[in-house]
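Which chain is which? They are A, B and C, in the order written, and residues in each are numbered from 1.
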């Protein structure tokens, strides 16, 4: 009961936010929600299925560039551009997943890392299409004929889509597919013995995770006016990975909490100037030393202790 | 392209590739050692390499310590730094939860931490270097050109690799380390002190990275972000098979030569992406790397 | 110290601004009876710290001085500072915070071109006058807009153009090897370089490298093998130093010209190369009004020492980019002065579009105008043999113009 009330209060607060917050706060909120969707996606692949794919930023970028190019060229409705970006990302994720089937663990991590860097290089070098190193301007998105110009305009859309992805994620984790993901994570042999199609499940996890990343990219284009390949490198993947680990690997709430907390933290740290790298590094180490299961682990421990 | 130009480019890419490749090989060696005994791809490797180079600079230039004293001092300092990090941080992380991803994130934390600390010192804002131990006069071999310093880098790196090979095969500690890498449970059963092995490996691996730093800094120039070179060490390790020490060495040379060949025969713009293409190509054709054994079920 | 203003134009501008400001009426953001808020931002952490730290310090010390002299039209300048990390998302966050949370009157900031450009649409939409710190920011300058002003040090187009102008006119070389970055920076200076080369009847052989390159053998060997008669380098300090070293190692004795992008610390550069032999035939581009350490700029360095006595004692301070920040802050205070006692954002933007003054800091005048939002577009060149720069005759210019 208490949980339900809390959820309703949070939801109301989220929907009411634009009435009280400045454009700057709404920009932060939008950006944080993009990171929430990115985290949810990476959590499916790494947290739920145990497959260390490290090309998340590449799929995010594919989502961004697809949505932008489609929007700039045709002015298609935002849901179309968003879905197009997410679908293309999912398709490429499917192919990468299929290719990576023979690889495991460290090899999988490293080859997807290499794939991610190669894709970033394509973004930076394919000048006629992506604008290359000059970056690319993003025209305002079109929502039922209404132009999304400011952060305020885009906020409700970003919020609704993020909530939709959150619900979808909860549904997936509770579904048979979700159990299959976790079975593969625990033991591929046991999963196969239980009749799980291990190859199919792995490919599905790759495609689904890429779909989330692509959609996050589409969301980014609704409130941003510029994209540059510099922000689509390995460091972005690592940032999302850090979010889900600090939040608690394999937990939906953890992925959301990790994204929100680290995202906010990064913004607050800007005031600390040159100390911020030291502090960020120290936090990562301390977190891993004393909160190894992330925030979720801490919460559970607290509840169990009561 | 004329035949003569082709020959020039070919010879030069082999020459330069071997020299820079030897540094990638050292970094790859350091990485593979740690991965073999502790299952962690060390994301802090590049920053250990960076800090070591600055320690060398401070000793040599600011404190005027002679070269032959500076080298052991730097290696020792970095050895203990690496060992202390393992004892203080990683051991605790491993105890808290065995999952390797936690260890990886802890090494990532180390990398941010060291970079931030180095920026605080204020000496890392301008690219720096220290005088090379060997002259930088040019020497020609065939059509290719290199400096005496280049040959020294290659020679010393090869000597270090040989020393490690001997260490791993002919000393008790070295063999124990390999045993921990192959089968930790069996190693414990035969009485190997696995905890001691782990910090020793971290120390040794950090010292190798430090050696790479001392050798290459006069050639590469130092900045707080020089640790990025370690990506090429990563690439070398993967190409070589990630669990194989000789593979790491071969991988280093392969990456060095591929970089130069791509630069000379394809485009300078493609140099950065060449290592990643090499990784993908090798993993597609031979997932266990050039010299890696059968891919085993190791968790990241 | 003398800051030459063009009194006549100033009067005209002031009169026009008064008219404009009278029309606006409503209270402008960031403005009170005795203060005016300016949002100052740049990298104060991370990888790009070295590019922003001292330009920011220099801007601050200029604003301080103006405040000590009584401010502008009786208003003290109130600075609100933000770290932009030189990353696109952070620049946008910083700018939005300054405009919406802190409600600053105008913006002064940005040291990294591509990241700074990310804020362009937002700034234009909100019609906030924005003067870049030391970013060249070419893609926010071309096509010209009503509110964004940059290249107070120099535009990248002008870097490339003046390099070619110097090489063809002063060195009399027609076959030029050109080493630039493979990023936006490199693309911008190459565009003007290619234009100028065509103009002067020279051929350009281009190698573009990643600024993080470790082994620079391939591009330098290719340029040497192409028979280029000079090596022009527009890369950052580290790759530029590697290029000088490599050319020397390969026994390539051609003249080398290093653009301002690559000059972080000349003493250190010689040390890094390891031998003065490599500097036998080397030229460097300079944007300041005088050679480094020259008497015309002494006041700038004295001012820095007084403002930051502790920092001035640490190595590498002030950085060679420091005076650019001063020039940038001068642009802001000049514009505010000319905009009259009741400034509006529109009025200040109008003043900026018509601003021209001698900063006494930079090589050429700082001048905007129709279709021109790049402040400074001239360069001088020094012959540098490893000890002291010897000024070469002439000021070099860029004939590339934006067509659109």
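The rule is simple: a residue touches a chain if its C-beta (ideal position, glycine included) is under 8 Å from a C-beta of that chain, and two chains touch if they have at least 3 such contacts.
This is a predicted model, so every value here is computed, not measured.
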| item | value |
| --- | --- |
| Arrangement of touching chains [line / ring / star / complete / other] | complete |
| Chain pair, A-B or A-C, that carries the greater number of C-beta contacts | A-B |
| Chain centre separation (subunit A, subunit C; CA means) in Å | 37 |
| Rounded Å distance between subunit A and subunit B, as computed from the means of their C-alpha atoms | 32 |
| Multi-partner residues of subunit B (each touching 2 or more other chains) | 119, 269, 272 |
| Multi-chain contact sites of subunit A, meaning residues that touch two or more partners | 125, 274-277 |
| Set of subunit C residues in contact with two or more other chains | 45-46, 49, 182 |
| List of subunit A residues in touch with subunit B within their complex | 46, 52, 99, 102-111, 114-115, 117-118, 121, 125, 238, 241-242, 245-246, 249, 274-290, 292-293 |
| Complex contact set, residues of subunit C against subunit B | 45-47, 49-50, 53, 182, 207-210, 212-215, 217-219, 221-222, 225, 237-238, 241-242, 245, 249-251, 264-265, 268, 271-272, 274-275, 314-317, 319 |
| Subunit A residues touching subunit C - in the complex, by the definition given at the top | 22-25, 27-28, 31, 124-125, 127, 132-135, 137, 149-151, 224-228, 230-231, 267, 270-277 |
| Contacting residues of subunit C [partner subunit A, same complex] | 44-46, 49, 82-83, 85, 87-90, 92-94, 96-97, 99-101, 114-115, 117-122, 125, 139, 182-187 |
| Subunit C partner contacts - residues on subunit B that touch it in the complex | 5, 8-9, 12-13, 16-17, 20, 119, 122-123, 125-129, 131-132, 136, 138, 145-147, 218, 220-221, 223-225, 228-229, 232, 256, 259-260, 262-264, 268-269, 271-272 |
